[in-house]
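Step one of this worksheet: look at the structure below.
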Amino acid sequence: MSPEERHFQEKIDAEIKIEAKNWMPEAYRRTLIRQISQHAHSEIVGMLPEKNWLTRAPSFKRKLQLLAKIQDEAGHGLYLYSAMETLGADRDEEVAKLHRGEVKYSSIFNYPTRSWADMGTIGWLVDGAAIVNQVVLQRTSYGPYSRAMIRICKEESFHQRQGYEILLTMMREGNDEQKAMVQDSINRFWWPALMMFGPTDTDSPNSAQSMAWKIKRMSNDDLRQRFIDQTIPQLELLGCTAPDPDLKWNEERGHYDFGEIDWSEFYDVLKGNGPCNRERLRTRREAIDNGDWVREAATAYASKQQQKQHAA
Amino acid sequence: MSPEERHFQEKIDAEIKIEAKNWMPEAYRRTLIRQISQHAHSEIVGMLPEKNWLTRAPSFKRKLQLLAKIQDEAGHGLYLYSAMETLGADRDEEVAKLHRGEVKYSSIFNYPTRSWADMGTIGWLVDGAAIVNQVVLQRTSYGPYSRAMIRICKEESFHQRQGYEILLTMMREGNDEQKAMVQDSINRFWWPALMMFGPTDTDSPNSAQSMAWKIKRMSNDDLRQRFIDQTIPQLELLGCTAPDPDLKWNEERGHYDFGEIDWSEFYDVLKGNGPCNRERLRTRREAIDNGDWVREAATAYASKQQQKQHAA
Amino acid sequence: MTAQLNSACRQALVDYLLHLGDSDTVMSQRLCEWVGHAPALEEEVAMANVGLDLLGQARSWLSYAAELEDQGRDADQLAFLRDEREYRNLLITEQANGNFADTMARQFFFDAWHFHLLTALCQSTDAQVQAIARKGLKEVTYHLRRSTAWIKRLGDGTAVSHQKMQDAIDDIWTYTGEMFTATSTDPLLVEAGIVPASAPLQQQWLGYVQATLQEATLTCPDENAYMQIGGRQGLHTEQLGYLLAEMQFLPRAYPGATW
Amino acid sequence: MTAQLNSACRQALVDYLLHLGDSDTVMSQRLCEWVGHAPALEEEVAMANVGLDLLGQARSWLSYAAELEDQGRDADQLAFLRDEREYRNLLITEQANGNFADTMARQFFFDAWHFHLLTALCQSTDAQVQAIARKGLKEVTYHLRRSTAWIKRLGDGTAVSHQKMQDAIDDIWTYTGEMFTATSTDPLLVEAGIVPASAPLQQQWLGYVQATLQEATLTCPDENAYMQIGGRQGLHTEQLGYLLAEMQFLPRAYPGATW
């Protein structure tokens, strides 16, 4: 280990944040760029399944909430890309990698939103799972990422409560069709939400280094267990069930036991075979391609303005 | 008058049809091409206001009827372009003239369809007005046009009855909202339908020659009066009213009197200022432009096939 | 004949009829969207013609489903008042029109399935299914001839049309596998001789498709590629909801009205 | 203050409020359609922001309309259960998004009207109108600043953007005149000092628009060109029906449901 590396690891061990200008191992930088860009891409792609019901939101209140949530997500994307750029990466280049299929975004957004209840379930389960992850990441070792997480977590918690409230309203004040919509939505998103924490620890070979660098701070399986434990009481309060016959409280462990996750589905979706992988990427690619002339115009205008100022 | 001209006019006077291979004055040919192409264009553009409710037709029965009607109109367009081509004109060239705004189609199709009732009103009033015109044109002097008219009139009468039946169903079996929809639709289409017969005879300078050639066989005003006279009893049977306070039976004339037509609106729409002129032309232009590569492919394939047959 | 069906079989048949009727309904709605936008006047006529046939078949299948279901609903109520989650159409039918090649790829794969399925249904032990299939087969024979001709024209037309046609085929391929999946209750119907088994159907379809694409100088995608399914379980792509919102607007906005 | 309105004036005000609320609702819906499709992430945020503001204003106007109307309806029922013929929005708001220049032309003309109108409504003799206008004006000031900036950027950007921007302006111009037309009952409101007269508003609008377009190196179309009207009478273009079918789907499909 070089003196720089030793010094770096000592800071990490002492819970001192690494900042943009500090020396860091190249692999640390690369791992972070990859992770933050994936996180940013997920915020942006994650707008699409919600947009699918935005134009069909059933009331002013719900439409305002949903649009505000989507706007927050675009904002999260912006913070995260900024945090990523402190590491010397370029936003456009990372987005191009996404569009070429070289980087991923969270697989959960490859599932379609099939009813209004999905707007509740995404807020509650999907954002809920994201928060469990992000709460831990608030203590991640890289300063700008950690600070972005703190800001994002606050807003996400708000979204999660809103999502839960959508479902609660449908279960408590809704008719039978609406209640069925909620249960159906939970049935469809339950397992994909559990998959959001990634493969089981035994199949997650890169985790060890990330843990040592404190980029990651808890294992996939521990995060997943934490999510399940905190979610089941909320599920019961809704009066709904999880589509998992093996789910039950284990007094001994002090945790819920749960059934086997169908990892073949996870890997299928990851490979591009989810129901919406193609649509999501196509939508994003077209948005950027169709916007080429707009961004070019803005650049041209800005440089004309600058020239005028110089001339004056 | 040359001997050819005399012979031609004698045939006209004797009610002998002029056929494609017969000699005819150049102006007769040009007038006919213009009239038939406008008629054909009207069939095609006329599909668009109906298409606007096709995807929202309220039942299988109505959707089947409407789609069949639209299909008939495309068919009418085909006959009419064929009749026109017997005069040496080219369909693509005439369509290009339409798209360049050099030729018109019936102004009635520049009005939007704002409710389902408009599907009834267009069938009843608009096709009804067209039929009054076309019934007379069955006796027009040019053979291919006359025969096309005979075929078209049969189908149009069927459409007219269907349109009327749509309105009758809404008035007799409908709720108050549906009845209001019908009356509103009649209010909107009444005057434009009357304008379909063109300007008053005093403002219609080209009519005399067309009458002599028996391309036209009744004056605009006579056709309009005939339409009104036959329509009012149907209007009364519906239990609706016309938006014309001056409309009343004139015992002496044996016809209905009616109010002054707002010709400024007629000329505005003709000039391109109707509510839908731009959309209609744009839709047609884009359809043909977007289809360029398809038609080119079909031509290329056909010539490849021909070459293969020659080679074999 | 319907009296002889036991209740499980009857329910299975209702489900199957909804699948057929909904697929025809949605496909027809997509064709309606083309009106006024076709690349040539002759195609306006042809697309309307196919749309009409499918709409008529949809009504027949749904009328029979309503009759068997026996809950006082008619074909219109089934088509215009069920929400997305209850729709049983094939996912391929709800895919957006795209360009003319996209529409033709969708149509061709659908027609080839439809033709071989109706051919088999002409031998159904259920007289009503048989009657509807016989009537429909005449129409679908023409549909398939037409879409096959377009695949060849576009595939073996110009370089531009070839590329567009290949892209269209590659793009929609993932929705073709679903046509040969069975629900848990389909075997009851197969056993009763009411509907054909999927496996031989798939072989016929694939043979026809491969031969046509080859003649059209196009590459047939991998038959073992990953396939999207879900339509028969009411699990649709995000496109269907919009289609239904538009199609069902009037019956939803004016409940109980007669039109 | 509402108690002091006589019944004719009250009806006129309800109508005017529907006009404001519906215009904001429809404009916001069009902006919602852009989500995920904007040319840059910053624009996603900005468009959502404008859409949110307009949606909030729509709710305020319609809530007040519902209160004055006093028929037991609320803002949601007004927005989600009225059909096209009852909608009172400006035709410009319902025009399709087109490309980014089309959307910006629509937004700019609307914002310039909106800004000058709300400025005037800040002096309304109706306290509630005044309060909603004051709150809205802050938001609309930003909207106008943003759309003005885009008109300049695209107009004086590249040759391509200049052409697209000019085409967009020429195309939507025919829908701008309607913003300054009055209904038969508007004079009651003008007389009561509740709303401003249109003529001075139009002059302010035109001055601002002409100056901006000039700076953007764009040509301002003829102010005396033929103008399409009808929105305030519920006479809409063929675009609104589809927008409402989508927007109103859930409340129509599940009557009376709480969400």
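Read from first to last, the chains carry the letters A, B, C and D; within each, the first residue is number 1.
The working rule: a residue touches a chain if its C-beta (ideal position, glycine included) is under 8 Å from a C-beta of that chain, and two chains touch if they have at least 3 such contacts.
Everything quoted here is computed from the prediction, not taken from an experiment.
*Asks:* I want to compare two interfaces, A-D and B-D. Which one has more contacting C-beta pairs?
*Replies:* Spelling it out, more C-beta pairs touch across A-D than across the other pair.
*Asks:* In angstrom, rounded to a whole number, how far apart do the mean CA points of subunit B and subunit D lie?
*Replies:* 37
*Asks:* Could you tell me the distance, in whole angstrom, between the mean C-alpha positions of subunit C and subunit D?
*Replies:* Computed from C-alpha means, the inter-chain centre distance equals 42 Å.
*Asks:* Using CA atom averages as chain centres, what separation in Å is found between subunit A and subunit B?
*Replies:* 58
*Asks:* Multi-chain contacts in subunit A: which residues touch at least two other chains?
*Replies:* In subunit A, 56 touch at least two other chains.
*Asks:* Where does subunit C touch two or more other chains at once, residue-wise?
*Replies:* 241, 245-246, 249 - these are the residues of subunit C that touch more than one other chain.
*Asks:* Pull out all the chain pairs that touch, please.
*Replies:* All touching pairs, sorted by chain label, are A-C, A-D, B-C, B-D, C-D.
*Asks:* Write out the stretch or stretches of subunit B touching subunit D in their complex.
*Replies:* The touching residues are 49, 52, 56, 112-115, 181, 184, 188, 268, 271, 273, 275-276, 278-279.
*Asks:* State the interface residues of subunit C toward subunit D in the complex, per the touch definition above.
*Replies:* Listed in rising order, the residues of subunit C that touch subunit D are 83, 241-242, 245-246, 248-249, 252-253, 255.
*Asks:* Name, in rising order, each residue of subunit C that touches subunit B in their complex.
*Replies:* 29, 32-33, 35-45, 48-49, 51-52, 55-56, 58-59, 75-76, 79-80, 99-100, 152-154, 156-158, 160-161, 164, 246-247, 249-251, 254, 257-259
*Asks:* Sort out for me which residues of subunit A touch subunit D in the complex.
*Replies:* These residues of subunit A touch subunit D: 44, 47-48, 51, 54-64, 67-68, 70-71, 74-75, 77-78, 81, 116, 166, 169-170, 173-175, 177-178, 283-284, 286-288, 290-298, 300-302, 304.
*Asks:* Within the complex, which stretch of subunit D touches subunit B?
*Replies:* Per the touch definition, subunit D meets subunit B at residues 84-85, 171, 174, 226, 228, 230, 235-238, 241, 245.
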